[in-house]
Amino acid sequence: MSELGEVTRHRLVVRFVETDLMGIVHHSNYLQYFEAARVEWLKARGVSYDDWVRAGIHLPVVDARLRYQRPARFDDALVVAARVAEVTRVTVRFSYEITREADGVAVCDGETRLACVGQDMRPRRWPAEVARLLGS
Amino acid sequence: MSELGEVTRHRLVVRFVETDLMGIVHHSNYLQYFEAARVEWLKARGVSYDDWVRAGIHLPVVDARLRYQRPARFDDALVVAARVAEVTRVTVRFSYEITREADGVAVCDGETRLACVGQDMRPRRWPAEVARLLGS
Amino acid sequence: MSELGEVTRHRLVVRFVETDLMGIVHHSNYLQYFEAARVEWLKARGVSYDDWVRAGIHLPVVDARLRYQRPARFDDALVVAARVAEVTRVTVRFSYEITREADGVAVCDGETRLACVGQDMRPRRWPAEVARLLGS
Amino acid sequence: MSELGEVTRHRLVVRFVETDLMGIVHHSNYLQYFEAARVEWLKARGVSYDDWVRAGIHLPVVDARLRYQRPARFDDALVVAARVAEVTRVTVRFSYEITREADGVAVCDGETRLACVGQDMRPRRWPAEVARLLGS
């Protein structure tokens, strides 16, 4: 059975430093929130960064898409739901939905696609156990 | 005469803090590079943030799209070319191309769409002089 | 009874973006960790940022001191212990100790001093209830 | 002849993302500005990060001290003056003064001490040519 589509939720509280002079979370921070949730998704399935390194692979982001729906503010508790949206032989696409914990309001959603590359930054196929984990 | 499509170039040198443990620029930084180039685009046309504030408008980013082509590294000099790609009554879309100064290699490209909103964060039409500037 | 010296602990997990190409947490991030713990200290005592704003005061950092003992790494769980070290009529000094949760190893310690200023960024005395809270 | 005390100046323009909801540059950014100036200091003397790596050494920051004098704001042009303040067999201390370019107003000053360590993060003496460069 594939785990494709299973969601992991990451909770975070907006830091002061993440706001800008408009008084809202700067839009570049959401890529960092996405990443934290992606790490959590992997950790929940027993995969750590050290495992990638031991397998001799890196996972650079190759593209990203974000839609900002409502501004988040300092000290807001946010929930980032992450799931795998698509897996190919050399890439994986995660999708994300960020909501405000207090009232469930949609704050931001988006996607990032990551490539499987070796130490030389050239594409390579997923190791078998990773492919299994990602549900491909 | 419309200025639509005119390019402004912003040069920057990658900071140490902008790298991550893969040894490359973290992908969230490119939204910050895009923004710096957008500010430069506006400044080159005589518009400063204070002007927006005086006009009672904010310009939050409402969506973004990035494509990472080649990793940039610590101390790389990068050139961010920014231009206006589309203007509607309440939004403007900027597009960006980042190249490595030394050899012109394409590093990252993308787009951000910004909305014209009032202090209350609700959409409003561009002030006339801004509309003119943006080439709409 | 003064709360001077009482400790609040803030737990965080190191984000990927917070590392640098040395593979360790970039040293500028610790000021952000200190701040998150300071916010937690205040929240634990019923004070939110909105309260400062309503009271018409800002709390800019006027000096900081950090000592980096051991590097923290991606995905390390860290505990930031914050307490008030000194209060004067117009400033408060917080001190911090960051340890690695897994083994209690000291990672970083330091202090930040904040000034009480009005909207005009000029020093002013603490409002009475804040002075009480800070234990002065 | 020792270069001890010679100053290198690094110019930068405050990015929007570097501000916070107080409308001023977040205090953690100054460590990043210090670092950019330190890199420039070294580059001006022919030293690049690749040279450190080839020499098998890292330069983690072991302590830092900052004094915030006046807030800097979005789009301010700042000048960071960096110089070597002290060199020991295994450390170097840089000092920094940041001023606003437009009027020379002092914005922030401080110091960072860096240790010479090997790949294993243990202290080691400066390579001879580095010691010479640092003026020890």
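Just so it is clear, A, B, C and D label the chains in written order, and each chain counts residues from 1 on its own.
In this section, a contact is a pair of C-beta atoms (placed from the backbone, for glycine too) under 8 Å apart; a residue touches a chain by one contact, two chains touch by 3 or more.
These figures come from a predicted structure and were not determined experimentally.
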| item | value |
| --- | --- |
| Most remote chain, CA-based centroid, reference being chain A | D |
| A-B against A-D, pair bridged by the larger set of C-beta contacts | A-B |
| Whole-Å gap between the CA centroids of chain A and chain D | 33 |
| Approximate Å spacing (C-alpha centroids) for the pair chain B, chain D | 28 |
| Chain A and chain B, separation of their C-alpha mean positions in angstrom | 23 |
| Per-residue multi-chain contacts in chain A, two or more chains | 16-17, 22, 24, 28, 32, 35, 74 |
| Sites on chain A touched by chain D in the complex | 16-17, 19-24, 26, 28, 74 |
| Complex contacts: residues of chain D adjacent to chain B | 13, 15-17, 32, 35-36, 39, 43, 48-49, 74-75 |
| Chain B-facing residues of chain A, complex | 22, 24, 27-29, 31-32, 35, 58, 60-68, 71, 112, 121 |
